[in-house]
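One chain, chain A, appears in both complexes that follow, with chain B as partner in the first and chain C in the second.
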Partner chain A sequence: MTDQHFQVAIIGAGPAGMAAACTTTKAGLHTIVIDDQKDSGGQVYRNLKANHSLSPTYLGDSYYAGTKLSNDFAACGANYLTDCTVWQITNSHEIALVSCGKAELITADYIIIATGAIERAMPVKGWTLPGVMSVGGAQTLLKQAALGADEAVFVGSGPLLYLTVWQYINAGLSVRAVLDTTGRSQWLSALPFAPLAFLQPDMLAMGQKWLREIRQKVDVITNVEGVEIAGRSRVEGLSYTTSSRERIDLPAKYVFLHQGVIPNINLSMATGLEHRWDQKAHYWTPVTDATGKSSDEQIYIAGDGNGVGGAKAAAITGRLSASAIVARYGKPRLMAQLYYKLRHLHFLSIRPFLDRLYLPEVRFRIPQNDETIICRCEAVTKADISAALGSGATGPNQLKAFSRAGMGRCQGRTCGLMVQEMIADHTGQSMAAIGYYRLRPPVKPITLAALASLEGTWPQ
Partner chain B sequence: MDFPRGDLMFRPVMTKTGKPVEFQFEDEIITAIDGDNVAAALLKAGKIQFRTAKKHDTRGPYCMMGVCFECLVEIDGRPNQQACQAMIRDGMQIRRQQAPDLDGDFEG
Partner chain C sequence: MATVNDAAVCVRRSTAASKRPVVIIGAGIQGCATAFFLSQRGQPVIVLDKDHVGRHASGVNAGGVRRLGRDINEIPLSLVAMDWWHQIDQLLDIEDGFHQQFYVKVALDDAGANLAGNRIQQLEKAGFKHEKWVEPEQLHRRIPHLTKSIIGGVLVEGDGWALPWRITRAFYEQAVKLGAEFRTPVSVQSLDYVGDHWQVTTNVGKLETDNVVNCAGAWGSQIAKMVGDDMPVEAHAPMLVITDRQPLFLDAVIGVMGGTLSLKQLDNGSMVIGGGMRGVADPDQNKTQLTPVGLSKFVMTAGRVFSHLRDVSILRAWAGIEGYTADNLPFIGRGSQPGIIHGFGFSAHGFQLGPGVGEVLSDLVMARQPRVDISPFAPHRFSKLS
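And then the complex of A and B:
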């Protein structure tokens, strides 16, 4: 790379990152976008360009809604690094990255972290068996490689689950069953917020359409509990309990799990930014102002990484953060900012309803079975964590030393909230008081060879 | 560790055109389409067990977006490669990543 300094560096090329880059480049700011995927779009608009030429209709309108933004981003003139891992942001706003196996440092006046969301874990017995995937993973295969598995069982809750099932049946795949784990108490807590959700009538209508079309072709079983997946070295079947307390066995080769998405906070936390526990949404989220400005004046956080709001809201928050940065260069965009803020509030109107409806109950957040693995990387079971707690581990970081949970390659992305909640249960403290793993750079594993290739000074 | 093959496998839902590429997985030659990632190419060939975490604990792709590190394989002799992030290439040699045997029976 010839340039080492930029006015704006955007990390992540999903809807938030793409929209932010369109805004900063339009204002003439020297911008770089860094993304770890091969193509822009993030997860939600993954592989959009390639799919657009083949235009399979099964992915639906909500997917192709990203077309204009992707095209605008491709034409916006921002420097764009693909296939590139950011592993650290330093106090002096150096961004350490690995591109083509080589480590580099760049600097920026302002940084927008737009690293999106990841799926919340659904730790049921047998969830580590090959053949079990997250629903997001199954959807990625459909978008990226046009691959699907017939007779799969979808288990869990949330909009992404139903969207993916809908895409599956539209692609001509047979779906064995949908086992919906949404409990009655979730419906009760969500109902008061239903009127607010009607501010997003098109979203509600879309959900209704998916459900109607799915029910015509697939068994949708609601109020499912006690899900256990069986198999020796791959999935062979699963069992569950119905609302009438009947135990059902179902043969299956593929099981796709989903319990909603949570902000991907590994980079923002490892950067030392302030975070807060959102008890209603049940996840950690960065502390920011309305424009996404974090506890570090130079760093903004846009998109689902700053609280899950979906693709449209993510794009708006990208524009909001970007226009706030543009304003700091003496080009205030007051009307635009007001417009973005109102649009953002509008998109968020459905969230109180969705967040309450689809927040998994505790029996789906923590394994019910002692042998179930919590930390997949280090194969640490619930019993192992209980034992560590029994020997006096009092917090997530001490528990790492006791059990190795969270010390694997995914750096706690999968097990973090489960471990934290088990500690909270054991000690009777709140989730906020327990805190999260202390995350440190590098936020993604990098090789020593890549590190050794770093020329000049080390990150300060 | 034996890796039995399932009957149902991931299948293409539309015709994708592209240059065919040949790669080796364990002792098998498999054809894929240029532009697929390694995980997709293996799943399409019915391979879902990518590695072992420890004895009798087999793992396969889970998140497909680079977060979970479950799909690690050995590519051209380099261990710890994320199959969902690596692109398949002609002549690639891919092997399952075996966890060190915790009972002390290390190979090689």
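And then the complex of A and C:
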């Protein structure tokens, strides 16, 4: 790479990052987009170009809705690094990255972090057995490699679960069952927000369509509780309790779990930006103003990484942050900003309903069995965490030293919230008071040779 | 020199020097070890820490337990500490607390070999024989993965490593068993001599004591200032990385003559790589910032020793906050006012010294003569010069 300094560096090429890049380049700002995938689109519009040749187009309209944005991004003229890992942002706004095995530092006047969302873990008994995967993972295989498994059981809740089941049956795969864990109390707390959700009738209609078409082909069992996945060396089946208190056993070779997505705050936290606990949505989210400006004046956070809002909202927040940056170069776009803010509010209108409906109950957020694993990298069970809490660990960071939870390859990405919930359960403290793991670079693993390459060539 | 067993017997016979509990400020390895030895000697203690046990450098350092490469003035204390390390399991009621291996600083070039030669001569003149030159063939026999280009090294048999958090925690737990009281998080706001004793004002109330032991590490200068002692330390953040698990290949700790590296492999296969490259410390905020170029430098040095580690992943990098003195020797000794004892500024090599420092500081509290010369660590050695 020849340039080392940019006016705007955008991390992530999902809807927020792509939209932001379109806006900054249109205003003439020297922009770079850095993404860890081979192709733009993020998770939601993954592999869009290749999937245009699919017949039938089983991935659906909500997926192909990303086509215009992807095309605009491809034509926008931003510098674009694919397959590139950002592993640190320093206080002086150096971005440390690894591209093609080589580490580099670039700098930017402004940084937009657009690293999207990750799935909330669903630690039911047996969730780490081979054959169990997240629904997001199953969807990735479908989009990226046209791979799927017949007779899978989908368990959990949330729009992504139903979208993926719908895509599965559209693709001609058979689905054994959908076990919906949404409880009655969630419906009750969500209902008051249903009128607001009607501001987005197209979204509701799409959900209705998915449900209708799924029900024609698949058993959808609601109010499911007590899910346990069984098997010795891999999944053999699962059992659950129905609303009529009946215990059902179901043989299964594949189980896909999902209970919503949460902001991917790994980079923003490791950068030392301020975060807050969102009690309603039940996740950590960066502290920002309406344009996504974080506690560091030079860093903006756009898209689901700044509170989950879905793909359309993400694109709008990308434009909002980008136009705020354009304005700081003396080119205010007041009408555009107002328009983006209103569009954002519009897209968010369905969130209070969805957030309440699909916030999993605590019995699905922390394991119910002592032997269930919480930290899968280090094989730390619920019992291990309880023991550490009993011997005096008071917070998530101390608990690492006591139990090794969060110290493995994923550095707490998966277990972070579960560990915190267990501390909350044990001490009665609020999640906000307990805080999160102290995250550190590298935000993603990098090799020794790659890190050393900042200073020279690894010896032979 | 008295043997450790003699010391252990006679310390147990002693009785409390003071009825008021001794107040130790700082629950790192030095504070916890001092609390342990004082409790063992029957002296009531209260340990205060503004955070929690082992929160900073003591909990997150590289864990090197070495005599190798120490300043000549520090060697006697390091040897005393090593006596304790050899019986650390019995002392702290733990298993495999000290991974005794060998520690070698390899010479990568002639400059390194010259440094090694001078070092060994200098030590022999002072009467120390624990550091020995080893030829490359012998090193390759003992560490087969070592890069072929090394030309020898300085080695100490019996040095090794320990898990810092575990040892600091074990000193804490044993001290508590023996009656020590830990209050955290409690920060000291002022120290005032009133009549014939000290009044310790904290954010949660006042304490009275005859003896204050300052083991506050990077924050030690601030505590010293409260009792009128000018003992400057600079806070730095030595950086470390830990790697993914690898097949076990290394049962030694590796450094480089004239370079910045310490590399060891833990039981689970992960490697801890450090060596003193500094990040940016912000002691007021309890924060550290890692510098990518600094990380890159010592990782490159690791590559010069073990090139086969090229594709091993780094999972995490971190830094603890540590206090460095101008000559990189600690402050150990009495303050200018009665009842004040200092033990801080270990300049990133205090972990191994911990048990020795605990013994010495408790000697000072109990008005006993320490069994090593601590004059090189005099608290006022810099202010005297000015």
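We take it that the second predicted complex is superposed on the first by the 451 of 460 C-alpha atoms of A that agree within 3 Å, B and C clash if a C-alpha of one lies under 4 Å from a C-alpha of the other, contacts with A are read in each partner's own complex, and residues count from 1 in each chain.
Here is the rule we go by: a residue touches a chain if its C-beta (ideal position, glycine included) is under 8 Å from a C-beta of that chain, and two chains touch if they have at least 3 such contacts.
Everything numeric here is computed off the predicted structure, so don't read it as measured data.
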{"item": "Fit or clash between chain C and chain B when superposed on chain A", "value": "fit"}
{"item": "Partner chain in contact with A:140 - chain B first, chain C second, else both or neither", "value": "first"}
{"item": "Contacts of A:91 with chain B and chain C, given as first, second, both or neither", "value": "second"}
{"item": "Contacts of A:399 with chain B and chain C, given as first, second, both or neither", "value": "neither"}
{"item": "Partner chain(s) touched by A:234 [first = chain B, second = chain C, both, neither]", "value": "first"}
{"item": "Partner chain(s) touched by A:253 [first = chain B, second = chain C, both, neither]", "value": "first"}
{"item": "Angle at the Cα centre of chain A, taken between the Cα centres of chain B and chain C once the superposition is applied, in steps of 10 degrees", "value": "80"}
{"item": "Touching partner for A:408 - first (chain B), second (chain C), both, neither", "value": "both"}
{"item": "Which of chain B and chain C A:388 touches, first, second, both or neither", "value": "neither"}
{"item": "First (chain B), second (chain C), both or neither touched by A:448", "value": "second"}
{"item": "Chain touching more of chain A, residue-wise (chain B, chain C)", "value": "B"}
{"item": "Smallest separation in angstrom, by C-alpha atoms, between chain B and chain C in the superposition", "value": "6"}
{"item": "Residues of chain A at both interfaces, chain B in one complex, chain C in the other", "value": "408-409, 445"}
{"item": "In the complex, chain B residues that touch chain A", "value": "1-4, 6-14, 16, 35-37, 40, 43-44, 48-50, 53-54, 56-70, 72, 80, 84-85, 87"}
{"item": "Chain A-facing residues of chain C, complex", "value": "52, 54, 59, 147, 165, 169, 241, 243-244, 280, 287, 289-293, 295-297, 299-300, 302-304, 307, 309-318"}
{"item": "Chain B contact footprint on chain A (complex, rising order)", "value": "36-38, 43, 50, 54, 56, 58, 118-119, 128-134, 136-138, 140-142, 144-151, 171-173, 232-234, 253-254, 264, 376-377, 379, 408-410, 413-414, 445"}
{"item": "Partner chain C, residues of chain A touching it in the complex", "value": "88, 90-91, 94, 96, 103, 105, 272, 394, 398, 401, 407-409, 411, 440-442, 445-449, 451-456, 458-460"}
